[in-house]
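We just call them A, B, C, D, E and F in the order they show up, numbering each chain from 1.
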Amino acid sequence: MDGIFALAVDNLLSPIILFFALGLLAAFARSDLTVPESVAKGMSLYLLFAIGFKGGASVAAHGIDATLLLSLLAGLILSFVLPFVAFTLLRVMTGLSVTDAAAVAAHYGSISIVTFVAATSVATSAGLNSEGYMVAVAAVMEAPAILSALWLIARYDSSGSGKMEAGLLQEILLNGSIVLLVGSFLIGVITGAEGLAKIAPFIVSPFQGVLCLFLLDMGLVAGRGLREARDVLRPGLFLFGMVMPLIGSMFGLGAGLLLGLSPGGVMLFMTLSASASYIAVPAAMRVALPEANPSIYLTLSLGVTFPFNLTLGIPIYLTIAQALTGA
Amino acid sequence: MQTHKAKRVEITIEAVMERRLTTALVTAGVTGFTVLPVLGGSGRSGQWSREGQVSRAGGMVSVVCIVRADKLDNLLDAAFSVVERHIGVVSVVDCEVLRAERF
Amino acid sequence: MQTHKAKRVEITIEAVMERRLTTALVTAGVTGFTVLPVLGGSGRSGQWSREGQVSRAGGMVSVVCIVRADKLDNLLDAAFSVVERHIGVVSVVDCEVLRAERF
Amino acid sequence: MQTHKAKRVEITIEAVMERRLTTALVTAGVTGFTVLPVLGGSGRSGQWSREGQVSRAGGMVSVVCIVRADKLDNLLDAAFSVVERHIGVVSVVDCEVLRAERF
Amino acid sequence: MDGIFALAVDNLLSPIILFFALGLLAAFARSDLTVPESVAKGMSLYLLFAIGFKGGASVAAHGIDATLLLSLLAGLILSFVLPFVAFTLLRVMTGLSVTDAAAVAAHYGSISIVTFVAATSVATSAGLNSEGYMVAVAAVMEAPAILSALWLIARYDSSGSGKMEAGLLQEILLNGSIVLLVGSFLIGVITGAEGLAKIAPFIVSPFQGVLCLFLLDMGLVAGRGLREARDVLRPGLFLFGMVMPLIGSMFGLGAGLLLGLSPGGVMLFMTLSASASYIAVPAAMRVALPEANPSIYLTLSLGVTFPFNLTLGIPIYLTIAQALTGA
Amino acid sequence: MDGIFALAVDNLLSPIILFFALGLLAAFARSDLTVPESVAKGMSLYLLFAIGFKGGASVAAHGIDATLLLSLLAGLILSFVLPFVAFTLLRVMTGLSVTDAAAVAAHYGSISIVTFVAATSVATSAGLNSEGYMVAVAAVMEAPAILSALWLIARYDSSGSGKMEAGLLQEILLNGSIVLLVGSFLIGVITGAEGLAKIAPFIVSPFQGVLCLFLLDMGLVAGRGLREARDVLRPGLFLFGMVMPLIGSMFGLGAGLLLGLSPGGVMLFMTLSASASYIAVPAAMRVALPEANPSIYLTLSLGVTFPFNLTLGIPIYLTIAQALTGA
């Protein structure tokens, strides 16, 4: 426990967490500090581009691991399964309607790429390498959870909402983040070390700095969301937002250990399973489940689970992964 | 200058629904429209703003169509089929247009 | 399709005054409005544009409210109390809306 | 609240023509207008959108002018001289304004 | 004098000044060159983030100076006092109304962070270090001048405009620039050299280049402003825009010498006192004093004083600070 | 031929081409991946700023070449002449109207700065230096072609469209790209190696990375254009879009050899002559020739010729330039 604690403090005092906290505070204090929407979008393109490419280049460097395909499969299954876990937990812990519970569940089956990025940077600081293809696993885990949520609705809600509209599936699978992440990953695999050398001064050295600014914006957005949706956040929900990532991470831990991943890989799998989507899934829910209340799922995912993972979750996952893999 | 009577319809809708709305409009024979960005707003579902919203998943747009009066019902039916389950606002104003042959 | 009479009010005002305007609207019982960005304009205080203006302190927005006719006077009073000392324009148009229960 | 009758003219035009249009308006004695950004649209020349268009050379804006009825013809003549050879739409709506001395 | 001259020429031929000049020229020639508003906003966030963090890291490195608090206090007082100086000067030199004079005065009590950034980079080139907490002094000097201006109005204008509206004070104190600057400064103090090492490739090495692009935009904006507001710029006003910074800098000089700051610190204090706000104060004036003509205060601050400080002012302040501190 | 082939494959597998291809694919697959307009504009400002400054700094380093003026003159003449070549070819190969043919011709007389940037980076990889003033030649070649097109209209079209409206010429000559490119070039010349040292971490090292992201956006835009304008692209037109650059490059080759440029310079001259405008000229055509169909000229220039040059053209021009200059 001491190790986790020291690590958590260390983590809490890193620039990226402090900038996230600055954003939260500024939002609570009603400062007019804002990052223009297009600049935030530009930074997120940069992060996807960089993390994808570096993952690919690392695969190129280490050769394609025999477990790559199995890891992708495991990610796929986890993303399908986790919504059922979340749904059951929500029905027990909270008074959410079927529709709202299914919508929230979809978010927890999917992933948050920024949480993943932050975990990567903590892993690197702790001297852990990880399988480069974990970014591909992240991409694979984005969408399946949405299908599980729609299936849950069809199963438990007789009112007939939540139809899987033609075109929505394609829209989800080809959403910008997935395409850029997977595309950059593949280009990284193809161009390898030589390609990386050319663009490293753009995607490697300034990465941490951009991440700080990006997390400042995330803090602002999360803080404003929390401020406006205070009444939505009943204690049961709030608790769910912190218990669910811990439970999710156990599934990721199991998968990572079964696959025999490196300590860093196990930790990243835990983080992916623990994290909740706040971009792709909300957009899909607005189309497919407009009756679900966006304040609930956005506040939970971005206002509770994201900060929880960033501050406490990641150090916990790291410690557990190190302990159980003997790193 | 010679002007002609027409209707100006304004549909404020979530950005994720934009493509679905314009597809429905085109299917209903409405091929002229203009899409305007929206910075923020307030309604029964609460207040939001483009820069301060929880996640940038949200956001709305405003679609303006100018049509001849006899096409109005078609247009409203098409628009309604899309906005029905969703938040948003549809309003219609009488207007006059130049170059009526375009509508 | 069944429509209902209403009023569409458009208030073009400096961006720094936006929050004050919407607060006044909400206080006056107007809870539905949409805020549109403005690129530039011209008026008695001269011409300006978003990209060419001296300092980005300036800038305007356009707030559109659709209300039932009986709420119009309240709305205009609230709007006027805010724009009174400031530059900006308020205009009102007759319109028809779908889903009247929303207004 | 005391309001006054006026006309609200909306001219949707290619962004490259904006300066030419506003110059023509000012020459015609119309010194008040507001320029709104446009995200996309569709018309006889096809569909386009700001983020998906071939080259960013394109793009449109919407110019809104509120004028007293007696200045309308002048305004429309000026607008027409600019849009004549170009794509775009001109529409006119009756409105009421506060602070009539401004128009 | 020779020294100043050589320094001024050197300064005039540096990339940042030349890009500012390019912007001015392009605007005068009516080129359609523009920097998108959100990109300009993004660059200004970057500059605040970088300058704040570096200031904080430097405080962390050198320990908290005994004079930190006194410097903040001096900045506070100067920002309160300088508007009275400016107001008196304006009433003597120009025919401005009380309202317009008070509005202009508020700008000259406050500061321009870009002028400060440019001065820092000149100081560094000249081999001068400065107290890292000068960025905190800059933050402290942003707002007080607004209160002085409103007091001036209340005192000299019987028409009753210029009320301090509820909420405005909070809005000013928590405006985005101040929050980001102070927040980054504190994070710099907390994370120190270790934090700086992580993000230096983002905030240190590309800094000058970003500043060039940013000053290009400032030149464009200032040039367009000057072009449109030509008739506003009577000779008296124009002169004020160059005399006031020189007078202001003397106040900063006095404060810096009294506090026993380093040569670089004295020069930065002079620059802060000499510079005029063109973001925070104009916005506050539009809310609190809508009757004041924005063309006057924006043209003066951005079109006259900003270029004056950038080209001639900074070399002058540098030379004086070096001479009087014996550096 | 083997050399070209190997080079082409090498080129095709470079990150910048692969990111362009990713953009194309994403657009064809109807992914919603987009780069915000202002971010794309910001990147293009960055590229112009960087390429202009580096060109100028290189001129400062190598001294002003006697052939600088002659090269500018040659660029000017080529830009005037190439539209006539293109116009004739279009009338022979396609059924375009006079108006459409003239509009297309204007694009091929002018240049694409991104093609130029990509060629520069290929040249550098191949170990070829080139005359720094080639960026000035690029600037000079942007506008004249527009005049040729209007002259063609006046000559062959009796309907009287295509008048050279007052103000248009100034608008073209002072368009943002030209001003920024030429301005940065001159500042590079003035501040030389010293200036370059200050901003190199911003304009040199991250350059390739930004170019990748920028080409991703170009791929998206080109792909969406191609998708929407499929019916416009008759075989004759399509062929023209690949034959014309080859013909154009021969003119550039002649000019480069006559002027005695370096192998890199010859290759860049070929690239400039081969490339087609997709920003400045389309905007001018919308004003001066609104009757011409923008789908035709945009699809040809951005959807056919740009990718052709990027993938096959540049390696061809490189091989020929090396062969004929004996490099």
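Just so we're on the same page, a residue touches a chain if its C-beta (ideal position, glycine included) is under 8 Å from a C-beta of that chain, and two chains touch if they have at least 3 such contacts.
All figures in this text were calculated on a predicted structure; none of them were measured in a lab.
Chemist: Which chains are in contact with both chain E and chain F?
Modeler: The common neighbours are A.
Chemist: State the smallest step count from chain C to chain F, taking one step as a move to a touching chain.
Modeler: Tracing touching chains, the least step count from chain C to chain F comes to 2.
Chemist: Looking at CA centres, what chain is most distant from chain A?
Modeler: Checked the centroid distances; the maximum from chain A is D.
Chemist: How would you label the chain A and chain E contact, same or different, if same means the shared numbers make up over half of all numbers there?
Modeler: different
Chemist: Among all other chains, pick the one whose mean CA position is farthest from the mean CA position of chain C.
Modeler: If we average the C-alpha coordinates per chain, F ends up farthest from chain C.
Chemist: Could you tell me the distance, in whole angstrom, between the mean C-alpha positions of chain B and chain D?
Modeler: A distance of 18 Å separates the two centres.
Chemist: How big is the gap, in whole Å, between where the Cα atoms of chain A centre and where those of chain F centre?
Modeler: 41
Chemist: Hunt down the residues of chain D that sit against at least two other chains at once, touch-wise.
Modeler: Within chain D, the residues that touch at least two other chains are 36-37, 47, 93-94.
Chemist: Quick check: what residues of chain E touch more than one other chain, meaning two or more?
Modeler: In chain E, 34-39, 41-42, 206 touch at least two other chains.
Chemist: Every pair of chains that touch: which are they?
Modeler: A-B, A-E, A-F, B-C, B-D, C-D, C-E, D-F, E-F
Chemist: Looking at the complex, which residues from chain E come into contact with chain F?
Modeler: 13-15, 18-19, 22, 25-26, 29-39, 42, 205-210, 212-213, 216
Chemist: Under the touch definition given earlier, write down the residues of chain A that touch chain B in their complex.
Modeler: So the residues of chain A touching chain B come out as 27, 34-37, 40-41, 161, 220-222, 224-225, 228-229, 278-279, 282-283, 286-287, 290-291, 294-295, 298-299, 302-303.
Chemist: Within the complex, which stretch of chain B touches chain C?
Modeler: Residue positions touching the partner: 10, 12, 36-44, 47, 49, 60, 62, 73, 76-77, 79-80, 83, 89-94.
Chemist: If we count contacts the way the header does, which residues on chain E are in touch with chain A in the complex?
Modeler: Those residues of chain E that touch chain A are 36-39, 41-42, 45-46, 49, 53, 170-171, 174-176, 179-180, 183-184, 187, 190-191, 195, 198-199, 201-203, 206.
Chemist: Going by the contact rule at the top, pick out the chain B residues touching chain A in the complex.
Modeler: By the definition above, chain B touches chain A via 14, 16-17, 20, 46-47, 50-58, 85-87.
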